[in-house]
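Each chain gets a letter, A, B and C, in the order it is written, and its residues are counted from 1.
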Amino acid sequence: MRRLLGGFTLGLGFQLRAMVRSADTYFALVGAPLTTVVLMSMMLYSGRTDLASYAVVAPTLMSLWTAGLMFAGEMISEDRENGRLEPLLASPVSLPSLVFGRLCGAMFISLPAFALAIVTAGLVFGVWITIHHPVVFVLAVLATSLATAATVTALSAVFIVAPGARIVQNSLSMPVFLLAGVMVPVALFPVWLEGASRVLYLSWGADLFRDALEPAPVEAVALRLLTMAALGAAALAFGSLTLVRFLRRARAEGTLSRV
Amino acid sequence: MSALEITGLRRVYQRKRGDPLEALRGIDLVVPEGEVHGLLGPNGAGKTTLCKIVSTVLLPTSGTVRVLGHDVVTDTAGVKSSLGIVFGGDKGAYDRLTARQNLTFWASVYGITGTRRRRRVGELLERVGLAERAEEVVGGFSRGMKQRLHLARGLVSDPGVLILDEPTVGMDPVAARDFRALVGELRGGGTTILMTTHDMAEAAALSDRVSLIDQGRLVMTETPETVGDLVSAYERVDARGVPERVREQLAVLPGVVSVTGTGGGLTRVETEAPEATLAVQRALVDAEVRDVSLSRPTLEEVYLHLVGGRGMGVDP
Amino acid sequence: MITPVQAARTVRHAAVIARADLGVVYSWRTWLFGWLIRLLCQMVFYSLVGVLVGDPEYTVHIVLGAAVMTCVAETMLATASTCWDRHQGTMGLLTASPVEPGVFYFGRSLQWPASATATTSIALLAVPPFFGIAWEWHQVPVLVGIVVLTCLSTYCMTMLVASFALVLSEARNIISAISTTCVIAISGAMVPVEFWPVPVQWIAQALPVTHGLAAVRAVEAGAPASAVLASVGLMLLAAACWLSLALVSFRQVFARARTGNGALD
């Protein structure tokens, strides 16, 4: 347990420090206000200011996923290329929990992203979004962030086992945004597609985010949070197992330092 | 007409913090056509800055540089078309193109077209020994092969003057030997070559004349033989466990330049004549010092000593 | 001064590098199932916003806009590939060679407008039918023709952006992301150009893709050929201006590198 917790907190702290200095962080952030401008303009043009909160939620979730995917793709391979992976494995921390910790650290990007989206909507278009259910909102942020970190941990495991998959890394963002309904709720999709979307934790997160900003009461909060937690846990379990199996094999075959 | 005419060349780098850095402090150098000129100096001496200015990549702060009569500031186009450059290291090729595609690209950049280009590229590949690998992607080449490709690239425009900046850096001994053989061939062909290196042996083997450059100044220009004599005159003796009394004795021996402690109980004695070295060794044997070794200082150390009056043990 | 023949030769040989790069970045499989799917998803993502707000007419507007924007996202990749020479170590050799920098870079990233022509054509021809836009057979070659010119024109604009990215190569991805999204916002793709304040409208008029999109919309609306041609003409004019600026800018970047400020290697 100490190994796991140690790895987690180490990774979290490391990632936060690294992100402040990394240009990539700001790259992931710069998209949020710009996407807000595009989506807000569409809401205003079509006269649907009642949907303005959608135009703030979507950029936030997009930043979250983009950052997660970006760091997940680069983290292990960078360590590997720079020869840091072997000393890391020789150390007493658990690699999966270190990776998960680092990716949880990366999730903190959602806070400035959300703030930037809100401020952009307010300053550029004069539409100020109110958070009607602050408690639900905070819970939604937490659950979505943790589930995202868990899911991208699984992806980072896939990237290291099958380096060829990194080529599609950049292509993985838009299909997820579409399928998870970060902008257009999956409830508007055809039934068969909605069913597929519900497997993605992000579709639950997007709905809960939007509901937390709306004045109407939020239904079934606990159940929805639990669903997200379960989907996240499944991803984390898959990711950890894949990583551990990969490391065991690499140690046996001596392929660790090979890129 | 001289191939290379450098007069009063200065180059100052403005730095964001700290004082401006003067990389070249008034260089005067004339290289006649057909000469292979070695430019020797330690890292940071200004060799690469000089190469960059000659190859029009960098502007001089003051002074003039002419390449086959073309001024690097006012007649950049003329310089570019009469100059080939080869930087050391294995970077600088398009890894995803084949050797032939790389050379074809550079040939067309230098305005060589059609059958002339095809023939030229073929000849060069043959000459640097890459003809059989010509259709392979450069990314898979060994370091030595890449460097041979660089040399071919530098020659693609059949330049009158060729700049080689640390061309054999990082090469294994066999590759470096082959490379030198190629340069030797070029020398026979009448190409003027300016080659920087910090390898004395390399400079001596290839150059007609050698210039020593240090801290942005040209210290001397001599034939390799003269420089070689200077180096062989200097020797140093390292010994462990030398009593203080013996150290004092050594310091006053004729021909001893300096006696320094380099830490860890090591004493370094520098001499400027073979007889002095013998005398030092004898004194050490007499004092029953067993752990003695003889070594030759690097060229860099010798001329730093020569020009600066600095002890050889002092890190430049 | 460089002659058109020399320029064409430089472009042709630089394009060899472009083709090799494309072959490394994508196999046909990753292009088809990775890249194309991603771009189509992006298009559907925006198009569905029309469904969300519940306005079929507006949906048609977005679908066409989003389809044409595909070419912006892709040609903007030239900002990245322009910087690749800095990692290859060829920068110093290029600056020392007699090559005309802007012309070289124009050829060096041609893989993106070429690929963009394919992706944008597919986006424009294949997706709109799902949103109630039925193309007629005779419109197809016209649309593809407009797409080819729009991709090339947008590429001319990208070249100027790329010349900045070459200097600030650390920020090249941010630069291209900002540029892409700004173009998507103001070029009339998602909301009509008139939605924005007048100064922004002027900027929009300077973007080649604004006119390319207008031409596509004119085809869709069944407007007379003269209207389509007028838009295409404006686009080519804008493209020529951007390309000229890019050529000057690349020269400046190389000249500046020579002074020792803003070294490129």
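What we mean here is this: contacts are C-beta pairs under 8 Å (C-beta built on N, C-alpha and C of every residue); 3 or more make two chains touch, one makes a residue touch a chain.
Not measured: the values here are computed from a predicted model.
Chemist: Select the chain at the greatest separation from chain B, using centres from the mean of Cα atoms.
Modeler: Farthest from chain B by mean C-alpha position: A.
Chemist: Measuring from the mean of all protein Cα atoms shown, which chain centre lies nearest?
Modeler: Taking the mean of all protein C-alpha atoms as reference, the closest chain is C.
Chemist: Need the CA-centroid distance for the pair chain B / chain C, whole Å please.
Modeler: For chain B versus chain C, the centre distance works out to 46 Å.
Chemist: From the mean C-alpha coordinate of chain A to that of chain B, what's the distance rounded to whole Å?
Modeler: Computed value for the inter-centroid distance: 53 Å.
Chemist: Once you find the CA centre of chain A and the CA centre of chain C, what distance in Å lies between them?
Modeler: 29
Chemist: Residues touching two or more other chains, restricted to chain C: which are they?
Modeler: none
Chemist: Please give the residue numbers of chain B that touch chain C in the complex, ascending.
Modeler: 11, 13-14, 52, 55-59, 77, 80-81, 83, 85, 87, 89, 91-97, 101, 104-106, 108-111, 113, 153
Chemist: Show which residues of chain C lie in contact with chain A when the two form their complex.
Modeler: Within the complex, chain C contacts chain A at residues 25-26, 30, 33-35, 37-39, 41-42, 44-45, 48-55, 58, 62, 170-171, 173-174, 177-178, 181-182, 184-185, 190-192, 195-196.
Chemist: Would you pull the chain A residues touching chain C in the complex into a rising list?
Modeler: Touching chain C: residues 23, 26-27, 30-31, 34-35, 37-39, 41-48, 51, 54, 167-168, 170-175, 177-178, 183-185, 188 of chain A.
Chemist: Going by the contact rule set out above, which residues of chain C touch chain B in the complex?
Modeler: It is residues 6, 9-10, 12-14, 16-17, 20-21, 23-24, 88-90, 92-99, 104, 257-261 of chain C that touch chain B.
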